[in-house]
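Shared chain: chain A. Partners: chain B in the first complex, chain C in the second.
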Partner chain A sequence: MTTALPDSPTVPALDKALPAARRAHAQAVASGSVTAALGVLGVALGLSAVFGAPRHLRIGWLLPLVGVIFDLGPLGGFFVAATGAVSIAVGIYAVGYAQREHWARFPLVMLPLFVAAMLLVPAAGSVTTFLLAWELMAAASLVLVLSEHHRAQVRSAGAFYAVMTQLGFAAILLALVVLSAAGGGDAFATIAAGSGGISGGTRTAVLLLTLMGFGSKAGLLPLHAWLPRAHPEAPSPVSALMSAAMVNMGIYGLIRIDLQILGPGPHWWGLTLMVFGALSAVFGVLQASVATDLKRLLAYSTTENMGLVTLALGAATLLSSYGARQVAAMAMTAALLLILAHAAFKTLAFLGAGSVLAATGLRDLDKLGGLARRMPGTTVMFGIAALGASGLPLGAGFVGEWLLLQSLIHSPHENNTLLALTMPLSVGAVALTTGLGIAAMVKAFGVGFLARPRSAAAQAAREAPTSMMAGMALAAAACGVFAVAPAALGPLLKQVLAALPTVGGNEAGPALGAYLRLPGIPGSMSPGLIAVALVVAVLLALGLGRWGLRHRPAAAVVPLWACGADSLSSKMQYTATSFAEPLQRVFDNVLKPETDVEVTHFAESQYLVEKVTYRTLQADPLEQRLYTPVVRAVTTWAQWVRRAHPGSVHLYLAYGALGLLIVLVISR
Partner chain B sequence: MSTTTGLAALATLLQVVAVVAAAPLLVGGMRQVRARLEGRAGGGIGQPWRDLRKLLRKQQITPAGTTVVFGFAPAVVAGTTLLIAAILPLIALGSPLDPAADLFGVVGLLFLGTVALTLAGLDTGTAFGGMGSSREITIAALVEPTIVLAVFALSIPGHSANLAAIVSATADHPGQLVSPGSLLAFVALAIVIIAETGRLPVDNPSTHLELTMIHEAMVLEYSGPKLALVEWASGMRLTVLLGLIANLFLPWGIAGADPSMLAILIGLVAISVKIALLAGVLATVEIFIAKLRYFRIPELLAGSFLLALLAVTASYFFATPTN
Partner chain C sequence: MSWIAKIGRVGRIVEPADDAPATTVAPPTGVGGSLQLRHVDAGSCNGCELEIAGAFCSVYDAERFGARIVASPRHADGLIATGVVTRNMHQPLLNTLKAVPEPRVVIAVGDCACNGGAFARGYGVVGSVADVIPVDVEIPGCPPTPAQIIAALRTVTGR
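The block that comes next holds the complex of A and B.
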């Protein structure tokens, strides 16, 4: 078809486009299915390590001197299985998403690689292997964040992420090198065996460094700033992987290094974890409740949830250090449940946000709306995720939060002032987090999906393709299981808990049957029974509403009440900004929003207003207070250093000679 | 752990039926008290029932553009309230649902209902709906810490957050009622219940000024049978929450886990009297106070949070070992 008519130039293009589309389809299917297959492998391997014998593998030739050691126990298996499960849903989803968003070949290749790197981290059995896998994971995720590097915001987010993740890596590297030197070996097993001889100062140093490194990966305060930048700018399946699986690695690191290998520590370890956890949870949820960017909101919600997990870890450590091992086991179970629930609902939420983004090109809640009629499937999916994230009954997060609260209120307090003060404050923090989390999720779902569209793009949205829906349905099913039948997780959690003797793991944890029963405490809960009873009660209420049906005229659909005006424009609706305004005002001192109201008057009279411009910017106050000075200092310092290399070869030769002289003097 | 007998299940059923039947009467009674104290004749105690009957016979009207969220929210609110009525120990202790949901579960169900209505308010896409939802959810978010801390304070004496355990611990050790922890928890819980049920000074249930509306703005688009369900549910909410606070702090008269017919009857009378008294006090106090400015409400709630925190720490430090 070389002689195309000039008035129909689309014919050859179409001809060429067809095989290209087919190729793109094949590539997307290949990438997605490899990702999902890796996920299946992860789930299988993880579960076999949890329930079977620990798996050990040494590949001597892969790394010179030390070799690569894999050592998958119950704890690592738990995280491998969770990562695998997330990857299955994301892999299936990515098949449709990559085609719809026209992914280039590079991210398609990197997606399975990222999953593979994440699966290697909890499987690593030595310091070197762990660091190698960690860095692979960081690099792969960075490349994926930069998929849409033609946009300036993506490049900025990528740079931010790169710096923070590498600084975190440096902290972890330092910590593990110190640990391995003190523990007398490279393999974790060797270090754990010799951990009794590690001095208190070394332990403290390792704890603080790992808290920094792993905390930044988990998005804990104050090193959370990369999350609300990188998560929104990354393609949504990648956001889902990062937010639901990668941040868990930070928690894994904390548990593995600090609680399993180094622990048990002094009281202040648990207290530190609790403080960082509570602050992260409250700050994250506050930011989420005023965020207007859907994916930024979800990213802050990740900080919130990881904060809750860390709070639970800290409570377990603290309680265990006071000998309350049964309650500690409850707190640890809560942490594990929260990790799983968060993985499920956050995967679903980010995939749902991805469907919205693919359909409308929008992340701004102020411009969304009305999706319930245009994308009913996605709306239901996001609704399930939002319910899970809000920690209400029938939601995936409920059981974990309930257990966490139970462990906090049942901590023994006889003659213990520290516990008597920490526990009520923690309960308050958890409750405030839940309350604000409900507000944030109502905003995300209510403003984003209900009401009428607030822009033409939202008006023109259409439903996501089947593979994307299938990926989401899988995650939704997991949410459903966590919400009503946590008993299914009982055996898994029991095995993992048993591998954590320093936090009460050898005690009987809470029994997760049809009724959740607490060990040694009269308290129980049955999420499944509540769900059934609620369905019955709602049906009963519907029955009440049918009373007098015979007397009613035929039902009618009429326009909304418009205060007597002709009709309501979609601009009259509440937006996400206005919805969160009361909260923003209540927490003004913490959030420090920048608002700007500009009133223009008519030239004739200054009593008549021509227009009012309202601008509000919700920046992260911590970021501005903490990061800006650091960045400024580094920049200034770099300017000084720059003067030292002006490009003169003579000067460089002098530097070389001087350096050599210094070395000679020192080594003499 | 309580074992459930046939009569206990009957008591639970009776609780639900009584709440459904008495909620409109309670609202009517409170309006009547208020009317008389203001020097008006009032519509009589049965007026809310007559209103419900009227509304239920009206045409079912769906505002254009709303989704199933708007349609089902009234049933969800009413359903969660009915379920709470079945869980709480109002007439007898041994509800078959007691081990299925503790006080945290009850709080969660309460919020589930609130969330359903706020979503319905947003779903209409009107300025009033959004305004009401935004205000309601802000108050709910700020109420949550207090309510959970109050639960914490209450669960300390009985070593459990399950309601039967809390109530029977109070009934067995009435001395604990006058402990500072218990009194502080009572005040904190009373404030959050006022906030949650939208009474003065947080919200004015009889307001007709859009700018001051919270709950009413949110449900402005409801009419006919759906409005009936919303009104009914809000009355039932008030009833069960008053019943909850009554039995948490004054558990006398409640039938045991294995009650006789007579005990159930006494329980029914006792809880009716307690709720009626509390409602009368609430209605009387409401005469003397005005609605707070919206942005002063967080201060009230922060105060109640502090009270709850003090309640917990007080219970911790003055705890007398029971059992």
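The block that comes next holds the complex of A and C.
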């Protein structure tokens, strides 16, 4: 790649610097464009699989004994297309980001590889291929998380992520091996055909194991702990890919293995999914609303959204198992819409956070602020993402959440105690989640971007370069489409729903037209009309205001009122911590924050205060209660086992001999 | 429901006010009977504050003549300033005056605000309120009684 240049004795430094910069530029463009091209390919393949015939591909020589089988149906196509779309935005963004952050060559190479691995997962048509693609995806993402491995936090997050993702893989491996043994084949199609003969115990074991494995990938409670560690420490384009595309694979696994292949299960399957989904949603959003690290907040918001998706999946399964197939189809549509919306707004949010991080070097909301003046484009983009995440009208997440609530409210629960109990509780959980989600997003946007800068770094922020803006604009456009014209997704969702007969798929789902109509239920809504009404109202208010002002004298310009002081200071503003303080107080029992106020008095008198130190630490209570004992126990056991490894060659030889002896005795 | 009947029996217990005095300055808003004031303590001993609080309390009730104390100078039609202007409060007083929209009225309450009073020519003192900003109405007294304050306010509210 290096080009030989004639030695120039006058300006050697410049001569060296220029090709280096040009090479970095070329490498970034290559990596980004390959990523985006893979994304385009993914979208095209995915859509063709959704609307056309399912695609099969078998490469016999690639893996010994079984070969590699790809089998892309409508469901897989949906996830491939979603992943591809995220990758296009991230690929374009990465061109600018990699140059600005001086990425090394390794992450540049790994980025397209990670995308390729993610595209392979939903395309896999057999257990072996699926596991291979899954592990490729896990390994590639781990390497990318460790891009900035010179920082200790990154190494710690990487170790955490590696352990959790491998444990999850082990659970999936076990589940799929059991499944393929019981189903009598390696290919998913074979297993699905023979799934009727699988015993109840095996089904339960597979469900629980996959729930663990896929749940940890999707960031569901209590296996979410890697998300708030790995997402903040990974480079932002990688965070966007992981949070918007990779966690979806967990959901894909749940749908594909548990709902599509294992087929309709007993009632408690749906109930379990709903419980885990609701807990994840509420816990995730609660943690997001008190987080002060921008990317940590977004990571917890991912847990929240995946929780909502799982809740919708569970509702669809439960309703379908009780025969309410029409409402089940509605809940399933809600789940699919939420997945798409989350992919769009979370890509945008993480890319926006990446622009902020690149411009200021800060993730701490308490030190940000004032970016609306300095980075207007990024501010608008993040605003669109925050609106989408808060689930309000004109936001990307609104239609999905509305459908989910409608399906929960309209579930037929006459003479059915279970539905009569779970559905209102779920409505409560979704309402609480949405409410707290708005608080979290108002905090992220208001404290992070508006008002005055709280630090010199935020003061010196500059707008992101064009390619980063272009990547964000693409994701923002997707957010706009989902918010205003979900009708565009109607045919796509219909095809995917038809591939899911076990959750009411062959029923007519909600009609996604200009008006959202629900079959058999007196409820309709038109996001497009809401948008038009809002625009008209704003224009009307502006016009009337102008008209009212026409006889007024010119406005006088006076200094800001700062309570008599000379000027306002950024210390007068709300910080992220103070904004979340009431919530922290209300949910004190769940969040268990550690606050510490230390007052230092003057030596002369204890009535005079020299300084007050306030420290607060918002750790994840679940992590501390659940993970710390496990980690401690493993460490203790490891210490015991270590005694058997004293480093003596003789002892190791004795172990070998003993092992051989045992084998001989057994196989005698 | 006996308490409603009791209200009817007791009626208004406010003493009837005298006729409105002649106005000293035109109401700044152009409307009589409405005067929103922001209070600034420029360095008072708090004697005048107590009397102002008395004037606006339920016994004297200055609000029935249309005068009100408001929280922000942006909401006010004028300033009501007490005390001699100290060095520390000099700039804040000017800032507050600037924050009151024009046209506005400035009312100085108490001897200190009018001419420096007992603290005139003190080492930390800039001067009286009139030395620093233009004053429209002066209420002398150390401190002036609530009745005196209300009488002066009525000359501005016109009620």
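One rule holds in what follows: the second predicted complex is superposed on the first by the 645 of 668 C-alpha atoms of A that agree within 3 Å, B and C clash if a C-alpha of one lies under 4 Å from a C-alpha of the other, contacts with A are read in each partner's own complex, and residues count from 1 in each chain.
Assume a contact is a pair of C-beta atoms (placed from the backbone, for glycine too) under 8 Å apart; a residue touches a chain by one contact, two chains touch by 3 or more.
Since the structure is predicted, the reported quantities are computational estimates derived from the model, not experimental observations.
By the touch criterion defined above, A:Leu392 reaches chain B but does not reach chain C. In the superposition on chain A, A:Leu131 contacts neither chain B nor chain C.
The larger set of touched chain A residues comes from B, when the choice is between chain B and chain C. Legend: residue contacts after superposition of the two complexes on their common chain; A:Pro559 is shown touching both chain B and chain C. Across the superposed pair, chain B and chain C both touch chain A at residues 556, 558-559, 561-562. Across the interface of their complex, chain C is touched by residues 556, 558-559, 561-562, 564-566 of chain A. Taken together, the chain C residues at the contact with chain A in this complex read 40, 72-74, 91-93, 95-96, 98-99, 101-102.
For chain A in complex with chain B, the touching residues are 289, 369-370, 372-373, 390-394, 398, 402, 405-406, 408-410, 413-414, 420-421, 424-425, 427-428, 430-432, 434-436, 438-439, 442-443, 445-447, 450-452, 515, 521-526, 529-530, 533-534, 537-542, 544-548, 551-562, 568, 570, 572-574, 578-583, 585-586. Interface of chain B with chain A (complex): residues 1, 20, 53, 56-65, 67, 69, 72, 74-80, 82-83, 86, 97, 99-102, 104-105, 108-109, 111-112, 115, 118-119, 122-127, 129-131, 133-135, 137-138, 140-149, 151-152, 155-156, 158-162, 165, 220-221, 224-226, 228-229, 232-233, 294-295, 298, 305, 309, 312-313, 316-317, 319, 321.
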